[in-house]
Every structure is written in C-alpha cells, then in structure tokens.
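Here come two complexes built around subunit A, the first alongside subunit B, the second alongside subunit C.
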Partner chain A sequence: MLIKTLLNTLLMAAVAIAIPGVINRLRARMAGRKGAPFFQHLRDARLLAAKGSVYSDTTTLLFRVAPAVYLGAAAVALLFIPVADLEPLISFEGDIICFAYTLALARAALVLAAMDTGSSFEGMGASREALYGALVEPALMIGFATLAMFCGYTSFAEIFAVKQSFDLHLTLVMLLAAYLFLRITFVEAGRMPVEDPRTHLELTMIHEVMCLDYSGIDMLMIRLGGWLKTAAFAMIAADAAATVTCFRWWFATPLAILLTGVSVAVVESTQARNKLSRNTTFMVTLSALAALIFFIGYLLQLDINI
Partner chain B sequence: MYLNLLLAFALLTALLFAVPVRWKAPITAVVTAILSVVAAVPAVKALASGTTTEITRMQGPVFGEESIAVDPLSGLFLIIIAVTSVAAVLYSCGYMKHYYGKKPPVQFSLHYTAFAALVASMMMVVTSSGGFSFLFGWEMMTIASFLLILFDAQRPEVLRAALTYLIMMHVGFVFLVAGFAGIDAVCGSAGFDCLPRCYASRHTLSLFVIFLIGFGMKAGIFPMHVWLPEAHPAAPSHVSALMSGVMIKTGVYGVIRVAGAITEVGQLHTGGIILLAAGIVTGLWGAVQAAAQNDAKRLLAYSSMENVGIIFIALGVAALGAGADDPVVASIALCGALLHTFNHSLFKSLLYFGTGNLYSQMHTTLLDRFGGTAKRMPVTAALFLLATAAICALPPLNGFAGEFLIYLGLLDSVSNGVNVLYAAGGITALALIGGIVLLAFAKLFGVVFLGTPRHRSVHSVTEVDGLRLASMAIPAAGIVLAGLLPQYAVRMVSAAAAEFSPAAVYLVEANVAPTLTRVSLTAFLLIIAVALLYTVKVRAQRRRTLSHGPTWGCGFTAPDTRMQYTGESFAEGLESLASTFNSDIVEGRVVDKGEIFPPAVRNYNVRHKDRVGRLFSAWWIEMLRLINQRIMRLRTGKINNYIFFALMFLVLIFVLSLFNII
Partner chain C sequence: MARYITIDNTSPAVPLAEIPDEHYGAVYDDLADRLAQERYHMAHYFAREEGDRLRFYAILLDDSSRKIMITSFAMGYHDEGPLPSLTALRPAMHPFERDITERYGVRFDAMPWDKPLRLPFDRRDRRASVGNYPFYTIEGDSLHEVNVGPIHAGIIEPGAFRFICNGETVLHLEIALGYQHRGLERQFTAADNRLRQAVLAETAAGDTAAANATAFAEAVEKLAGHTPPEGLVRERAAALELERMAMHIADTGALSMDVGYQLGQVACEALRTMTINTTQAWCGNRFAKGLIRPFGTNKPLTAEKTDMIRRNVAEIVRRYDEVRHDIKSSPTLLARYEQCGVVPRSEMLRIGGVGMAARASGVERDIRTSHPSGIFSRQIAHESIVKRHGDVMARLMMRCREVLQSAGYIDRILASHRPDTSAPRPDYVRPLAPDALAVGLVEAWRGELCHVAVTNAAGRIADYRIKDPSIHNWLALALAVRGEGISDFPICNKSFNLSYCGHDL
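== the complex of A and B ==
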C-alpha cells in the first residue's frame, strides 16, 4: 500500500520530467534537426538553480512568494492523480474539485505576481491567462462531471478504478474524455495551438510573458510547476484511456508520456499558433466539446439504442 | 412587545443625540456588542442542540399570534449578523473619524441610531415566526439602511441611489405583504409554520414565486439586483459591509424558510428548478458585470450578486435533491449554501473594510487612480489579499470549503443519476463563475495594490489606524479558521440544515466531516509545501547574488507608469465576449489604429453600465414619476375639493357594499 503510493508519486515525477524531453526530441527530429539531448531541460534547470536573481524595485513580497505557491500548488495537485492501478497519496470523495481549485490557486499566484511588476507586457499576459483560465474551467469541470456521472464516484482513484467486463459505452465515453483532457492539457501547459512557447515576441506570449521578471531559482520553480501541471493533466488523459484498455501502471505511465509528448510535438511541428483573438473561440469550443461528451455520456447511460 | 421595543429604541436615540460626537460610535459599539451577545447565547444553544428556544409570544395587530424564537436556522443567521455587526461598528469607530468636524453632529446621531436599528431589526427578522413581526422588522431594516446610505447625501448620486433603494425595497415589501396575506387567508395566522398547511391547500407555486420576488428584491436576484451596484458604493464602507455581507442574506433566509416548507415532491422539483435557474442567471450576470466594473465598490456589489447566485444554485440543487428523494444531495447542497452564506459575510465585509481604508486615504474608489498601494498600506493589502483569495474560492481558505460542498452536492447529484442535466448546468455555471471571479478579483487586487502608482495622490497614502485593522482581523480570523478547519464549520451549519433535511446531521457526521477533514489535511499540506519551498529558496538565495533593478521593459528604455495595464485593459478580453450584456457610455474617442502618435492629449473614458439596470431604472422611475404627476393633480389645495373626495369615498364604500364586494 505504502509502496504503491510511493511508486505512484515517483512515476508522476518521472512523467513530469520525461514529457518535455520527448517533446523536444521529437520536435527536433520532425524538423530534421539532431536536437538537444533528452535531459537537456534538466541541465537547464540546474543552470537556473545556480544563478542569482534580479528583482524589480516595483515588486512586493508577493512577487517572491508567488513561485513557491505556484510550485507548491502544482505539486499538491499532482498528489491527487493515480497512475492507473496504483494509489495516489491523497484521495477522498470530491478530490476532483480540490484538484481544479488547487491549480486555480497556482494560476492566481502567477497572475498577481505578473501584475506586481507593473509591466505592461506582464499585465497583458496576466489578463490573457486569467481569461483563458476562466474559459477552460467549465470544460474541465464538465469533463470531470462526465466521469463522475458514468462511474458514479467523485474521486480520481475510484473513477478510474471502475472496470467492468468490456463495456462499449464506457470505452466510448472514456476515450472521448481522454481526448478532451488531452486538449485541455494543451491549454494548461501553454502549448500550441493556444500558445507558442518558442515565440520571441512578447506581444504574442501568454504564459511566458507573465514570467519575464523572474530569474534564477524563481524561474526554476515556475518551470518545474509547469512540468508538474502538464504531467497531472497528461496522466488524467492517460488514465481515462487506460481504464478501457489495460489498467496497469506499467501501461499508463508510458501512455501518459507518449500521448502528450507525441501529440504536442506533432501539433507544434505541423500547425501554426492561433491568432490571439481565435484563442477564445478555441476555448469555448473546448467547453462545447465537453458539453457534447457529457451529453453523449448521458444518452449512453440512459441506454437508448443508437 | 412593540411598545417596549420602540421605547428602548427611543431611549437609545435620545442618548445618542445627547452625547458629544466622539462618544456616539463607542456607545453604538457597546449597544451592538450587547445585542450580539444576547443574540449569540440562544443562537449557539440552538445550533449545538438543534432545539428551538422561544423568547416571547405575542398577539400581532393583524396576522394573529406570533412568536420570537431561535431555531437552528435563526441561530446561524444570528451568528452571521452578530459577528459582522460587531466588526462593522468597531470599524466605523475609526472610519468615521475623518468625518468629524466636516458634518454636523446630528448626522452622526442619526447614522448611529440607524445603525443600531439595522442590527436590531435584522435580528428581529431572522427570529420572528413570520407575519406582522417579520414585516415590522423587515420594514425597519429597510428604513434604517436607507438612512445609513444617506450619510453622504450631499453627493447627488447618493441621494439617487438611496431613493432607488427605497422604492425597490417597497415594491418587494408589497410582494411580501401579499405573500403573508395569502398565508393568513388560508390558515388564519401568517407564521412560516403555517406554510406547509397553506401549500397543501392550494396554489403552492404562485405563493412561492410571490415570496421569491419579495425576498429576491433584497437578495439581489436577477433582474432585481439593480439597486445593489447603486446603493453599496453610495453608503459608507462599514454600512456597505453590513448590507452586502449580512442584510442581503435576510433575503436568502426568507427564501430558505419559504422553500423549506414545501414538502410535496413535484412542487419541490419545480421550486428547485426555479431556484437553480435564478441562481445560474444571477451568478453569471453578477460575475460578468463584476469583471467589467472600474469602481472597487461597484465591483464588490456585483460580486455580492454573484455570490447570492452561487447560494441559490446550491439551494436549487438541494430542493431538486429533496424532490428526488436523495437526502445526500439535499443535505450536502444545503450545508454548502448555508456555509457559503456564512463565509460570504466574512470575506465580503473584509473586502468592504479594505475598500473603506482606500477611500479614507484617497477619497475615491476608482480602480485606475490606484496602483502600488500595497507598499504604503501593507497590512490592508495583506488582509485584502486574504479576502480576495477567499472569495475566489482558492484553497486553503473558507470560500473553498463552501464551494467544495456545493460542487460535491452537484457532482453527487450527477453521479447518483438524479436530475443529471440540471446539476450539469449548475456545475458549468459554477465553474464559469469561479473563473470569471478570479479574473475580476485579480483585476481588483492587481490594479489597486500592485504595480506602480497611476496617480500622484497615491504617494501620500499611509496605513490606517490600528482600530480599523483590528476590526478587520475579526472576519480575517474567521476566514482562516473556517478555511483550515472546515469540518468544524460544517458541523455548525449542519444543525440548521437538519431543519429542512433531517438526515443532514447524521450525514455530516458520518460522511461530510471526514471528507472535509481530508480537505483540511490537504490544506495544511499545501501550506507546508509552500512554506518549505519558500524557505528553501530564501536559504539558497543567500549564497547567490541578488540584485535590484527596474522592471524589465523588453528593451524599451523609457517605460511610463501609464503604460501599465489598467482595470479596463485587464478585463478587455472578457468584455469583448460579453459586450452584449453591457451598454457602454463612451466619452471621447479611441486612438485610431492609423495614429501611432496622436497629435494631442485626448481623454477617453468608458463606463460599463448594466443593460438590465438601465432599462429597469429608467422604466420604472419614469412610470412612477408619471403616476405621481397624475395623482398630484388631485392635490388642489382647496378644502371643498377634499370634502368632495371624502364624500366620493363614502359613496364608493356604499356602492361596493351594496354589491356585496366588501
């Protein structure tokens, strides 16, 4: 039991570390480059850890605490997520709500820290992040509600542990839910087509532009927090897919890494970033998609022959 | 009873008018404290034991026998009233100081008399069994709060707001009178305890809707919220805190009483749908409008509306759950609604106190005059941040505990397969409201307290006196405690919920409290994690070079404070999505895309007005004015005309009695 929980947490950390590596390698290969080593992002992290920091005179204590809140909240959110049949550290009735709001805390910390610098660019990023956060929240909650409706539970561990003999309806809904969560991962991780993390123009940034004034350890914390957040969403998507295929940890872990890693890399290599004004449409579409999946789930549960 | 009440009140008024100016506030504080303690004793007893304590029983002049009694629901609301009133009156002791000498002492006397009357009348409203004493308290509450709003009456907008408020409250009052008369017609007395009998006999729904309109006027349900964003900014901050944090909740209280008396399953279902729909529309409208406001107090007023919406969503789900015979959903959602009511009174009063601190320093509440205030008012900023996080329902604070229960009720409804689509609508609305509120409050806190000053007057701002900060610590302590230990907070409300959903106490003990204990543990884990990370960071940074400099301008070397994001620009994205709900008042012209260097300084001012608000106020103020004009024609000033009117009246009575109409 304890070992399972420990393994769960370690695997989540592994997923968090592996996903950026997979994305970077694959993207480089698809562009025909040799690419940086798989663990380049960890070396960058070590570099950041060794650096000093520059703080703007405008900022207050809030600016210095915010990275810790961001990383702390992302880390706690990660502890809710089971890796297939393993047990997460924290699990109780309604933990899906706790998960969503802990991540909202992380977002609020960064948004306020960005406002703290008094920079027009960072204000812009904060404004966008707050708006996109507000728009993606319904999609996330309806997604969770779909799972809760179909499985009859309100905690991740119990939802994903629901496994009858092969059930076409459950398979369908779970796969649709996995797709939805994957799309949400794109938004929450600040990836294409919502945002291009490689952009060099501040005016077009969202997430990155909020952190312009961070350096050294603060920047490292924000990076780490971002990885953990991505890993949490990737694992939810993978769990949903694994429930109806092979519900074992040794299957779900690589699935989470590959599903997110490959899809992000492919999308980023083949698509252009949305025009910013199109982003809101993208998010609203996401909520509409979630509502549609919920409705499909509802109809399937009513057992109408379609 | 009424005579004694009025006598005691007259004595207090005489005392308040007699003493010198600086004694008026402390005397009111003492009176409020005594009232609060007297009310809190039976309230705590009722909540702890789940029993009803009858205080007095009397014969009302109209609606038969009535009683003043404290049952658990009254107890909960008494505690809400007591806590916020004490905090508000203490706050006013500091806040009113800068008005001393600027206003005649009689205004202070009137203000504090009205304050004491408001507290007493709210207590009367929530303990009365209904009928005459309820309406008496309700009307006294309206008049007292009207006088309180009027404190700054030399400002024309204050006068207008107060009149709007008075008119709307009386329209609501008419509905309440009609409702109680309806009960009286069936049962012979007009207490809430007669409601089930009344519902059983006939037309439940019409009676319910009449009460909903009457109470909704006070609670600020869409589209009756029009007075909220006018009255709250007009009143002094401690009054806004009391009105927004507590007084509008008496409307919620009334709705709970009226909806809780419905027993028939089909009617519960319909009632639940009405409440849920009202909650969703109110909540979303309030949230979107809050995000668009550029005045701190207006923003807070709309946020109150949004919170009332959340409470109604929870009440709707509770009624739907009860209608579907699902005690789990009903109890959890009702506990969530009550807990959120309690929580909102804490963080909303704290937010209004914080805004009061800003107003007393800057004499404005326009967001774009501020900026960087946190450095000059660190304690106010910290407390305001706490309340901001709580109202955004961020863990580990109390707002999260309340919304967690509401979500849990909704999700349980979905996962148990009852009223799935309604509950899903509630979840969607709640999630969207949550996100938009985060945006609105990030804007409020970010623009006011963070960044660099946008106006030179910010440089002269200093922290306010200790008394005000101490009174702000009362709600702040509640926020933290109820947030960290929600399992105890929910036990407090479970007795009140059990009045309508008898399984609540058992369910809370067996099911909800253990879950909330886990939430509480997670909250502590979160705090420990953040504290640990911060300590590690600070220790690591000791060995590294830290330097200071200006904010990175992305290569631009002449940044100006005016380039900062303003409140307007922060919410621009949302406003462009929600533009259909607003009618903007634009002064000046936007800088055109072609003009990179506009030739002259140009003013551009945009105010977002609530479309419904304007429609409504214009519509009925105009109508009332017309009716008034017509009636005024009768006032001829000639005695023979008046005698003729009296004669006509007698003839009318005679004719009506001939036809057996009266």
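== the complex of A and C ==
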C-alpha cells in the first residue's frame, strides 16, 4: 500500500523530469542539431538555484509569494494523479474538481504577481493567461465529467482504479478523452501551437512574459511548477489511454512521457504557432471537442444502437 | 516650373555651377506637382552650408524616363522665415524635411510631424534628446501604452517603439530612432583619405556593406569622370547580388523563427551561412567588407573562385527552393503570414516607400530597372518582381523570388566572366572634379540607396550624404501594424527588417 503510493509519487516526479528532456532531445534531432544533453534542464535548474534573486522596487509581498504558491499548488495537484494501477498520495471524493481549481489557484497567483510588477508586458501576459485559463476550463471540466460519468466516481484514484473490461464503446470514448487531455496539456504547458516557449519576443509571449521579472530561486520554482503541471496532465492523458489498453504502471509511465514528449516535439518542429487571436478559436474548439466526447459517451452509455 | 539639370545614373558628376538656382516658391510648386505623379520620387533632398547661404539640393528621380533631375535653391543661413512645408502635401518628403529642420533649424510651416529624426550630435536644438522625445499620445480609459525598447531582447539594434493599444489591437505605433547615430556623414569630411572614406561607407549599415561600398565607389568614380571597366562592374554586381541573397535568406529564416517554425529557421540559417561563407572565400570577409573599392579591386576573381561561387550558389538555390516550397505549402505558416501587416499600394505611394517592401505592395521602385548602372546598364536588363498584396506573405515571397533571381544573375555574370589578370588596383589619390556633385545610386537589398558627394574648389569631398532605404520604410512598418494584434508586430517588423544604423548614420 505504502510502497504503491511511494512508487506512484516517484514515477510522477520522473515523468515531470523526463518530458522536457524528451522534448529537447527530439526537437534538436529533428532540426538536425546535436542538441543539449538529456538532463540539461536539470543543470539549468541547479544554476538557477545557485543564483540570487532581484526584485523590482514596485513589487510587493505578493510578487515574492506567488512562485511558492505556484509550485505548491502544482505539486499538490500532481499528488492527486495515480499512475495506472498505483495509488496517489491524496485522494478523496471530488478531487477532480479540487485538481482543476488547485491549478487555477496557481494561475491566479502568477497573474496577480505579474500585475504587481506594473510592467506593460507582464500586464499583457496576465490578461492573456487569464483569458486562456478561462477558455480552457470548460474543456477540462467536461473532460473530467466524461470520465466521472463512465466510471461513476469523482476521484482520480477511483476512476483509474481498475482496468476496464473490454468494451468497444468505452475504448472509443477513453481514447478520445486521452486525445482531449493531450491537447489540454499543450495549452497548460504553454507549448506550440498555443505558445512558443523558445521565443525571445515579449510581445508574443503568454506564460513566459509573466515571469520576466523573476530570477534565481523564484524562476526555478516557476519552472518546476510548470514541469509538474505538464506531468500531471500528461499522466491523465496516459491513464485514460491505458485504462482501456494495458493498465499497468510500467506501461502508463513511458506512455505519458512519450505521448507528450513526442507530440510536443513533432508539433514544435514542423508547425508554426497560432496567431494569438486564433488561440481563442483553438481553445473553444477544445471545449467543443470535449462536449462532443461527453455526448457520444452519454449516448453510448444509454446503449442505444447508433 | 522649376528648371532642372537632367542626367542619368551613368553620367559623370555635375558641376555645382550648372545646377539651376531657383526660388523656393518655384521648387515647391513644381515638386508638389511632380511628386503627386507616380513616376517621380525623391532620391535625396538636403541642405548644405555654402558661405552665408544655406543651399538646398533636390535630387528627383523620374522612373519612366531613367532621368535624374537636380535643382537647388538657397536661403540666408540665418534667415528665420518659415518655408511652406512640402510634407504637408506629399508625406514622402517627411524624413528629408525633418532632417533639415533638425540640422539647420529651418522652420517648415504646417509641417505635420515635426519631430527629431535621429538626434545628431550637431543638431540645432540641443534641448531635444532621446529622453524627451515627443511621443504621440491618445487619451482614453480603454487604451494602454506599451513601450518596447530602446534595448531589445536578442541582438538587434536599439530603437524605441511606442504602441498605443486597445486590448490586443494596435491603434498606433510610433518609432523613435537615433540611438545609433555615429556622425558618419561628418566623418567623410574629417580627412581627405579616400580609403578611410571607403571603409566608412561600408560601415553605414553592416548588412548592406557591398551596396554602400558600391554607391561610394560609383560616386567617386563619377567625380573623377571615370567609367569602371567591364570586369570590375561584373565583380561588384556579383558581390551585391550575393549580399542580397544572403540577407533575403537570413530574413526568411528569421520570419520562420518568429512564428516558431523550426525547420525553416534552421534550414535558412545554414543556407545563409553558406552564402556569406562564399563571400568570405572570395574576399576574406563574410559581409564583403574590403571587396569593393573605387577604381579597382584588391580581390580580383580568379577562375577557381568563379567556379566556387557558381557551384555554391547553385547548391544554395537548390536547397532554398525546397524551403520556399515548404513554406508555401504549409497551412499553419500561411495562416500567420497572409493578410498580416498589410500596407496598401496607395499608402506605400503616399509615404514614398522604396525597394523590396514597396514592390511587395505593388509599387515598382527598383533602381536596377528605373535607373540602371553597372551591369544592369550593360549586360542584364533587369525586370523587377512585383507583388500586389502588401502583406507579410508578399514580402516573404518577394524575398524568395529575388533570391532565385539574384542567383540567376550571379550565374550569368560569372559565366561570361573572364578572369582578368591585369585587374586594376584601387586608386585612393586620383583627383576629383572640383565644385561638383555626384550621385551614387544603387539598389541595395532593402531598396534604393543614394550617396551624394559634393566637392569643394580643391576637389576634396566637402559634404557627403547617405540615404538609406530604411528612412522611408520605417513609416511603412508603423502603418503595417495598425489594426493588427500587437503580438504580430515581430513578424511585421521582420518582414521589413529595416536598418537602425542606416537610418541613424
């Protein structure tokens, strides 16, 4: 029992560390470059940890607290997520809702901190982040509702407790849900086509521009928070896919890493990012997709012949 | 009607005494009339001190008859009376009048945008500085200002961009430059050292070194009444077209990078390196510095170098064409580039846009066609590529097409090139015509580049004026982003890729 929980937590941490490495390696390969080592991002993290922080005179306590809130919220959210047949550390009735709003708290903390700097860049970033956060929420909630409807539970641990017996309808809906959560991962992780994490152009940034004033350990906390958040979503997508295929932790873990890592790297190498105004369409489309999956699932559950 | 002396781009220097001395009223009426017609545009309009007089020179280009028309008028150096502003009627004149006001304190009546241009060290009004630039403001609760620069992320040059936005939409952009001012024009007259002057010309804009050096060499050769030999003309043309290729390829990569298209970016970066390395293999410098000198060359093309360049160019074009094809067939890229940053033809004409950006908006301004010199007046009849849409895509496709065209020219030029073992060496001491004015007019990769050299009675260069094409096109960028999302500013900016130091001199 305890072993399962411990292993679950360690695997989630491993996923969080592995995904940026996979993305960076694969993207470099696709560009025909040698690329940085797999664990370069960890070395960068160590570098940030060793650096001091600089604070602008205009900022208040809010600005200093926000990175800790962000990292804390992301870490708590991560602890809700089971790795296939293992058990998460925290689990209670309705934790899928709690998961969504813990992450919303993280986002709210950063948005407020960005406003706190008084910089026009960061204000712009905060406005974009708030808008896209609000737009992606329906997709997320309807996606969770689909899971809850099929399994009859409102906790990740119970939804992903057992492998579902084979059922074509269920398989179809779960795979679609996995696809939906993968797309949401793109948004939440701030990757292409929604946002270009490599760009140096402040005017085009969303999440990145909110963190321009952070340095040292604060920056590190935001980075770590981002990795944990990405891992949480990647694992939900992998769980949804694994629950109808091979529901074992040794399958779900690499699936989470590769599904997100490879798809992000391929998209970032071969596509242009969206025009900013198109992001809205992109996210509303996600909500529409989520609603479609929900209703397909609902009709299939009624077991009418379609 | 004002009188003009009419020459073309291959004529020798004009003696100052032969340039008509008009009254401002006549010049004003005539220019207002002519600049309303599409066939005319201003190559340069500047003032210089002549004793106790301030003499204005207007160098007007007639695109349809290949003529360069020069006239002048003078006012007392200490005259304070305002002149009616031409800018008020013809906005294309605005950088010239701003420059004259800034340098000499000449007041233009009803000048609509009377702001410092580049804040030179010898400006008339020392109170004006980068700290108190009079930015345009709009009042309104729903509006916000975003200031970008003058120091930017990355490695670009300094310049301040002030946006007035309504949410994500840009209502107005004002661009304040001058941070790169080095007093370049004044340096030309500091010492009568032709080599030093040639090197100065190359540094006017580092990415346009070959074009600036060519314009300088042409101006000096015209002052000496010298026609460069065939072989030299070929080599200069090849260097200029190589520079055009390199910069257009680099910009294709930069535009790919700004929309996050990694494959296009890395492919173009590699090709651009190949191109500038070709230049380096020829002359030892990747930006062709030291290659073009008046009257001769230190780096004559040998048979091996000719073959090397032709081989490399063929390979670059083959690979670049694949990139071009990928860009054109990628929906995510087209969604970013098309209908973004549109400058309509009428606007481009009004503000006097030049070069590649103007041609992308359907305005055919191309010195190689309208005022050919060098190889374009002899072997190659250049046909300009013109696009209609005036958006980022049009400017990008303009670049793609021009790269292919330039590669074709290089191949043609070098195919018939006979390596000349007795290529002339540069001559830095040849006497120049006294009291004369010469124009070096070259189509650089950004557009029309105009160097004007004026000599004194001793045959020394007494005044040197450079007009970089960017000076016209910065306004086009400001117009392009109106109504666009502010997040699309970077790709609009890259699609023009204007020069800061060329503007600031």
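As a convention for this text, the second predicted complex is superposed on the first by the 303 of 306 C-alpha atoms of A that agree within 3 Å, B and C clash if a C-alpha of one lies under 4 Å from a C-alpha of the other, contacts with A are read in each partner's own complex, and residues count from 1 in each chain.
As a working rule, contacts are C-beta pairs under 8 Å (C-beta built on N, C-alpha and C of every residue); 3 or more make two chains touch, one makes a residue touch a chain.
Keep in mind the model is a prediction, meaning the values are calculated, not measured.
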Contacts of A:168 with subunit B and subunit C, given as first, second, both or neither: neither
First, second, both or neither for A:2, with subunit B first and subunit C second: neither
Touched partner set for A:121, first subunit B, second subunit C, both or neither: both
First, second, both or neither for A:33, with subunit B first and subunit C second: second
Subunit B versus subunit C as contact partner of A:94, first or second or both or neither: first
First (subunit B), second (subunit C), both or neither touched by A:72: first
Which superposed partner A:145 touches (first subunit B, second subunit C, both, neither): first
First (subunit B), second (subunit C), both or neither touched by A:218: first
Touching partner for A:202 - first (subunit B), second (subunit C), both, neither: both
Overlapping contact positions on subunit A, where the subunit C interface meets the subunit B interface: 120-121, 123-124, 127, 202
In the complex, subunit A residues that touch subunit B: 49-60, 62, 64-65, 67-69, 71-73, 75-76, 79, 90, 92-98, 100-102, 104-105, 107-108, 111-112, 115-124, 126-128, 130-131, 133-138, 140-142, 144-145, 148-149, 151-154, 202, 212-213, 216-218, 221, 280, 287, 291, 294, 298, 301
Subunit A residues within the subunit C interface of the complex: 27, 30-33, 120-121, 123-124, 127, 192-193, 196, 198-204, 268-278
Subunit C to subunit A touching residues, read off their complex: 144-148, 153-154, 167-168, 256, 258-263, 266, 330, 332-333, 335-336, 340, 485-490
Touching residues on subunit B, where the partner in the complex is subunit A: 371-372, 374-375, 381, 385, 389, 392-395, 400, 403-404, 407-408, 410-412, 414-417, 420-421, 423-424, 427-428, 430-432, 434-436, 438-439, 442-443, 445-447, 450-452, 511, 514-515, 518-519, 521-522, 525-526, 529-534, 537, 540-541, 544-554, 559, 561, 563-565, 569-574, 577
